[in-house]
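Okay, handing you the structure first.
Labels run A, B, C and D following the written order; every chain starts at residue 1.
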Amino acid sequence: MLARLRRVEGQVRGIERMVDDDRYCIDVLTQISAIQAALDKVALGLLDGHARHCMHEGASDGRGEEMATEMMAAVGRLMKRG
Amino acid sequence: MLARLRRVEGQVRGIERMVDDDRYCIDVLTQISAIQAALDKVALGLLDGHARHCMHEGASDGRGEEMATEMMAAVGRLMKRG
Amino acid sequence: MLARLRRVEGQVRGIERMVDDDRYCIDVLTQISAIQAALDKVALGLLDGHARHCMHEGASDGRGEEMATEMMAAVGRLMKRG
Amino acid sequence: MLARLRRVEGQVRGIERMVDDDRYCIDVLTQISAIQAALDKVALGLLDGHARHCMHEGASDGRGEEMATEMMAAVGRLMKRG
């Protein structure tokens, strides 16, 4: 997870350089799409962990419903992107 | 544009810290959605610039069709996120 | 759920008429975005039901892991839209 | 375009039947993602037509700027889905 995020950080810095160097906008957009895809993967990994571990815990201490509600709100934000 | 990208870079670093500190996954997901929204804004700004300036230039040197095709491919990638 | 889907069906028919009447493309695009938003709501409703009911059932008959995996694959498809 | 929209209409009716028959929610979600992808293709087709034809026309009667603004707003709505 952290390794993936550090790679995303590097990709964002790469885009800053591309903008600085006045690179062709379509190439910058392709890089932005690649970052969005990478962030989607990080998000899915977190959601998966949430669904499995947190909800199990939540179920045992009666917070299952609340956690499912939070998870759906997070999925909704990811689908609309913010 | 560059200022916005530097802010995104800072947000990514913020998420790395959150993951490092083992923060609640839903809060991390909220931050990821915020970054996605910020990147979408950067992408829309670039597309807008492309549609206006590059296409005008392209029209004058006969590359208009090619540039429209490239732009649509970029929009398609942004809609599917990579 | 069904009422919402029937409304979506009506919206799609409305777009067919708009295309048939050669309406301004931007207006058609606005309608398409509205349908996408409506479908996202239906999808979130289904996911929410899945997370709550199906997973509870799944947990009791040992299919919880499998159902979580299926759910994450579905979220991934929704985020990438197909 | 119209043929594609009629197919989308048929797909929405198919989902209504699936919900009516109480089919497994993950299968319904897969179908919703397929419709989203089909609508994205219709939207990209319309945007492409807009970028090529309408903007050419717009340029000749001085509405190019306005049309580019409208197009970017439409792309933004498609990226956020509504």
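To be clear about the criterion, a residue touches a chain if its C-beta (ideal position, glycine included) is under 8 Å from a C-beta of that chain, and two chains touch if they have at least 3 such contacts.
These figures come from a predicted structure and were not determined experimentally.
S.K.: Chain A and chain B are the same sequence; what rotation (0 to 180°, nearest 5) superposes their CA atoms?
M.R.: It is a rotation of 180 degrees, to the nearest 5.
S.K.: Average the CA atoms of each chain to get its centre, and name the chain whose centre is farthest from that of chain B.
M.R.: The most remote chain is C.
S.K.: Between chain A and chain B, what is the gap in Å from one C-alpha centre to the other?
M.R.: Roughly 14 Å separates the two chain centres.
S.K.: Where the CA atoms of chain A average out and where those of chain C average out, how many Å apart are those spots?
M.R.: Roughly 21 Å, centre to centre.
S.K.: Starting from the mean Cα coordinates of chain B and chain C, work out the distance between those two points in Å.
M.R.: One centre to the other, that is 25 Å.
S.K.: Two or more other chains touching the same residue: where does that happen in chain D?
M.R.: 40, 43, 47, 71, 78-82
S.K.: Using the touch definition up top, name the residues of chain B that touch chain A in the complex.
M.R.: Answer in residue numbers: 1-2, 5-6, 8-9, 12-13, 15-16, 19-20, 25-26, 28-30, 32-40, 42-43, 46-47, 49-50, 54, 70-71, 73-74, 77-78, 80-82.
S.K.: Which of the residues in chain C end up touching chain B in this complex?
M.R.: On the chain C side, the touching residues are 79-81.
S.K.: Hey, which residues of chain A end up touching chain C in the complex?
M.R.: So the residues of chain A touching chain C come out as 40, 43-44, 47-48, 51-52, 55, 59, 65, 68, 71-72, 75-76, 78-80.
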